[in-house]
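Both complexes shown next keep chain A, but they swap its partner, so chain B is in the first and chain C is in the second.
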Partner chain A sequence: MNNPYIAFFKISIKDNIAYFKDYLISTIGRLLTYILMIFVWNIIYLGGHLSEIGGFSLMQIDAYFVIGSAVFLIIDSMNDRILSDDIKTGNIAKSLIKPVNYVYMVFVESLADNVLVLPPVIITIMFVLYYLGISTSMLSIVTFMIIMLIGYAIINVIQFIIGSLAIYTTSAFGMSILFMNVASIFSGAVMPLTFFPSYISNITLLLPFQMFTYVPTSILIGIIPSSAYLYYILLGLLWLFALSILGYFLWNHVKKKISSVGG
Partner chain B sequence: MELIENIKYFILCQKYHWKEFFIYRLQGLIWVIVGSFGVIFTYIPVTIIYSISQGIPGWSYFQLLLLSNTAGFTIGFVWYFIVPWNIVNGMRAGELDKYLIRPFGKITCILSGYPGNLTGIAGLIGSLLLIIYSLANLKLQLLSIAIFVFGMLLGIAALVMLFLLITILAYLFMNSAQFTNSMLNISWSANSYPLGIYGSIIQLIFTLVLPIGFAVYYPIQVLLGFINPIFAIISIFGLLVITAVSKLGFDKVIKSYSSGGG
Partner chain C sequence: MNNDIVIKVDRVMKKYKVSESNSKKGLFNSFKRKKVIKVAVRNISLNIKKGSIVALLGKNGSGKSTLIKMMTGILYPDKGRIIVDELSPYNDRKKLALKMGVVLGAHGQLYWNLPAIDTFNFMKSMYKIPEKEFEKRLKLYIKMLSLKDVYKKPVRTLSLGEQMKCNFVASMLHNPKIVFLDEPTIGVDLPSKFALKEAISIAREKLGTTFLLTTHIVEDIEIADHVIVINKGRKEFDGTKKELERIFGDNRVVEIYSTNLRQINFKRYGRIMQKTGDMAKIEVKPSMLKNKEFLKMLNSRHVFDYRVSEPHLSYVLSKLYKSFDKKK
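Coming up: the complex of A and B.
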């Protein structure tokens, strides 16, 4: 018997491939935007004759921006938009009566979007590590993947919570963009968190956003020492647990409030 | 007279777009907060760069803040008038026809029919405040500032025309809005810092291929006294050429458009 989630995953992949041109332009555009920052930081390091800023050498900052932008591309989930659209259009009423778990279906659809980004991202990361001659241990690679998975799960849960809030605000698109803007600053996608003033970086290094870019990238390029790996894994799992509990109760509350258009 | 009628119609449509926007007050408020983040995106990196290093060689903190926010303000204004997705979706659905048959200019009809990024108004106000703050700290001559403001407004008009043309072309040849969208984002990011740091090829791209440099980088260089004032005239001439070529291009390509229905 076919698993409905796998079948839905395949359909979602096909659907995304149909818009491959848009996806490719968007991916390249976003990568280029971050890569431009390499020029900016190169001139800052070289012009100021600086060998290190915030624990990053010039080579590490170059690697950070390319790998960080690639990581942020993978992690970005879209389940908030899926859920929000379903609530807005009333499709959620049809979906909830189907003999499958609606929450899993949303995650599967979102996953299909991320899987498609995976090959160019892996190639980019491997190329940067090889080109810049950054040696990384097997432990770092494994921890990088674990943190990526935790980060991916956290962003999915947060975006699911945001999508659920559409029941109160009609559309969650605004909140979704707001969240991505906040996340891109506090995740370290705009610049490494250690560049921020200490009173801000001390706070951001406790928040879950760092799992989206700063922590995985810094682990891979050797900024975070191996002795701290376990701390970041546990911190990530703690946030994941706390946010999942919140998401679970919110979804159960929201489900009872759903009434489709005309009902 | 015709121009005045077009402007009146555009303003009237803007009024209704704003009314529609505020029907959902909570969403509207969230969107305004989202829009204000554009300013934070320019303010935080520039401020942090100058707090941990000597910054970009040859550029002081306020000079770079002025450049970043002028780029944000100019591109933000293009977004205010044009959201490529809205126009392309309208073209796909064949909706554009109903706007084009109205008794106004085709450009007025498109810009009035498809609301731009209204939420960006918070970002625009924020950018404007930071531009004023930077100018106040740079203590520049009033006449230079007046010429700069004129150049900036002309730059916005030229870029709106250019990106409208790119949006229509991207639909006709690629059936996509994402291309224009990405171009706008890259233009904003690149022009937030001095074009000179990217090397001659990228500088040339943003001067001749995607000529945002005429609207942002070169006018600011003239204002700050980095290059000969003659470049102010060259920039204004460049912007007039962009506007004219975009208008001619638009008139030509809009004739090739046929709606989704046939």
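Coming up: the complex of A and C.
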């Protein structure tokens, strides 16, 4: 196949495999913190003799944390770091001298990073559903996948926007950290959005962050009823559209300002 | 437009902001930085002929790389116009990329963890090179640059020179019409340097490829037909090698070998360039070669040998660079 983007995807995966062991170790490290969260919630539920908090039973909250953490792991596009590194090191020149669209190259590179994490994530999700005996419908699984795709597209655009701001600041590291911390709270990766006080959860339920963890996970484990699926898909698409327009104009402005290191 | 001209740069300007640290004393002042606008390229115009090898010279920070980055479409010029093979590099970047090869010294195209052959195959798909053509060209370059034992090993295990050669191959496989080489001989050993230069000459001969190379190394200029010198973003010289050699007039360099150098007052004849145990090198005006007193000195019994030559290019260049500093 002579498609440049497919060729780039293949060579990026080949290149990534060299770092795969490192990635696997850090992934296991991150999963450990979520296992700790499960212990904490178990104590809260069992110690307080509670059968339900915010619509979640103990079994559902356990499923939510494991699946949610797997989902949050794979949804991070890393575009901000790819772009900011390219600008900081001047590596952006490497892509700009090729007959390809730079923006697509960034997306393909991030996809090549994520594809490697996909098998362990799918295995984790299937294992949790099976082990905890959560029955889920075909419609839920399909909607879960659609929302995941929309969420992945949204985070791609947001992180691309953050990365392109590196033109002004040379490094987008601070903003990347800020975004991931805000995203982990408002996406529901720290706890389900319905656990927040209602005035906060009402706002978060309008924001795009929920597509990164809360919505797909809740759909899969049956917290969100199927009647609400269409609403979330449309809300996600609306955010994707609005952010894409913002990203498009920002990038067109920014690309004229690129000045890599050294003269 | 003249059909022979493949690159036309017309009154191009490029500025950028840099933050400079404050030189004022005091704890807080040392953290403050001021934004300074630096002009990297000032009003440069130049034409490059099809099938020529052009050396772009200049000190560090003279604006060479910025100029090349604008020609390749990586940077937008603030003012002026650039046409490369009838295309505008920044507006038709993707179209132009198909016709050009770029080796950016510090930023190789090779994948660090993979053997160079993976990058070559990637280039094949990227530039849609037909399989048979690809095999043929690859074979040719591997032979020419003796990469047989190199191109299947991971790039990280290669020496700097081997990496550079592989980088060169990666940017030549699609038979580009124009090739930009930014400091192509950094860290390259002598045999590889010769091989690289030979490959450049052969590509020009057989395919009519135009080469524009930036360099600090004088020997690299040997293969160039044309030399452009820039300093502080201004074009200071644009001409052939011969013209560059003559830039300071027809001065000659005289090497004088003598058992008793101290006896001779060289200052009377010209500028002393170098003095070692039994040799003195002086730069003299052409008229000096007919000066009776000078000839008498050369034929005196103190002097056992002498040689007259044209000044070496590296000397001319260092003199040229020094003259820039004086201008400041």
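Assume the second predicted complex is superposed on the first by the 257 of 263 C-alpha atoms of A that agree within 3 Å, B and C clash if a C-alpha of one lies under 4 Å from a C-alpha of the other, contacts with A are read in each partner's own complex, and residues count from 1 in each chain.
What we mean here is this: a contact is a pair of C-beta atoms (placed from the backbone, for glycine too) under 8 Å apart; a residue touches a chain by one contact, two chains touch by 3 or more.
Worth saying up front: this structure is predicted, and the values here are computed from it rather than measured.
S.K.: Sticking to the clash and touch definitions up top, decide whether chain B and chain C on chain A clash or fit.
M.R.: On the shared chain A, the partners fit.
S.K.: Look at A:Lys256 in the shared chain and tell me whether it touches chain B only, chain C only, both, or neither; answer first, second, both or neither.
M.R.: Only chain C; A:Lys256 stays clear of chain B.
S.K.: After superposition on the shared chain, which partner residues are touched by A:Ala18: those of chain B (first), chain C (second), both, or neither?
M.R.: Only chain C is touched by A:Ala18; chain B is not.
S.K.: Which chain, chain B or chain C, ends up touching more residues of chain A in the combined arrangement?
M.R.: Looking at chain A, the partner in contact with more of its residues is B.
S.K.: Counting only touches as set out at the top, which of chain B and chain C does A:Gly47 meet: first, second, both, neither?
M.R.: A:Gly47: touches chain B, not chain C.
S.K.: Of the two partner chains, chain B (first) and chain C (second), which one does A:Leu96 touch, if any: first, second, both, or neither?
M.R.: In the superposed model, A:Leu96 contacts chain C only, not chain B.
S.K.: Look at A:Leu234 in the shared chain and tell me whether it touches chain B only, chain C only, both, or neither; answer first, second, both or neither.
M.R.: neither
S.K.: Just checking: does A:Asn2 make contact with chain B only, chain C only, both, or neither of them? Give me first, second, both or neither.
M.R.: Only chain C; A:Asn2 stays clear of chain B.
S.K.: Considering only the touch criterion stated at the top, classify A:Leu206 as touching first (chain B), second (chain C), both, or neither.
M.R.: A:Leu206: touches no partner chain.
S.K.: After the superposition, pull out the minimum Cα separation from chain B to chain C in whole angstrom, please.
M.R.: Least C-alpha distance after superposition: 6 Å.
S.K.: Please name which positions on chain A make contact with chain B in the complex.
M.R.: Those in contact with chain B are residues 21-22, 25-26, 28-30, 32-33, 36-37, 39-40, 42-45, 47-48, 50, 53-54, 168-171, 173-175, 177-178, 181-182, 185, 190-191, 195-197.
S.K.: Would you mind writing out the residues of chain B in touch with chain A in their complex?
M.R.: 24, 26-27, 30-31, 33-34, 37, 40-41, 44-45, 48-49, 51-57, 119, 174-179, 181-183, 185-186, 189-190, 193, 197-199, 202
S.K.: Report the residues of chain C in contact with chain A in the complex, numbered from low to high.
M.R.: Residues in contact with chain A: 16, 38, 40, 61, 63-66, 69, 72-76, 93-95, 97-98, 100, 102, 104, 106-107, 109, 111-114, 118-119, 121-122, 124-128.
S.K.: Taking the touch rule as given, give the residues of chain A at its contact with chain C in the complex, in rising order.
M.R.: Where chain A meets chain C, its residues are 1-4, 6-8, 10-11, 14-15, 18-19, 89-94, 96-101, 256, 258-260, 262-263.
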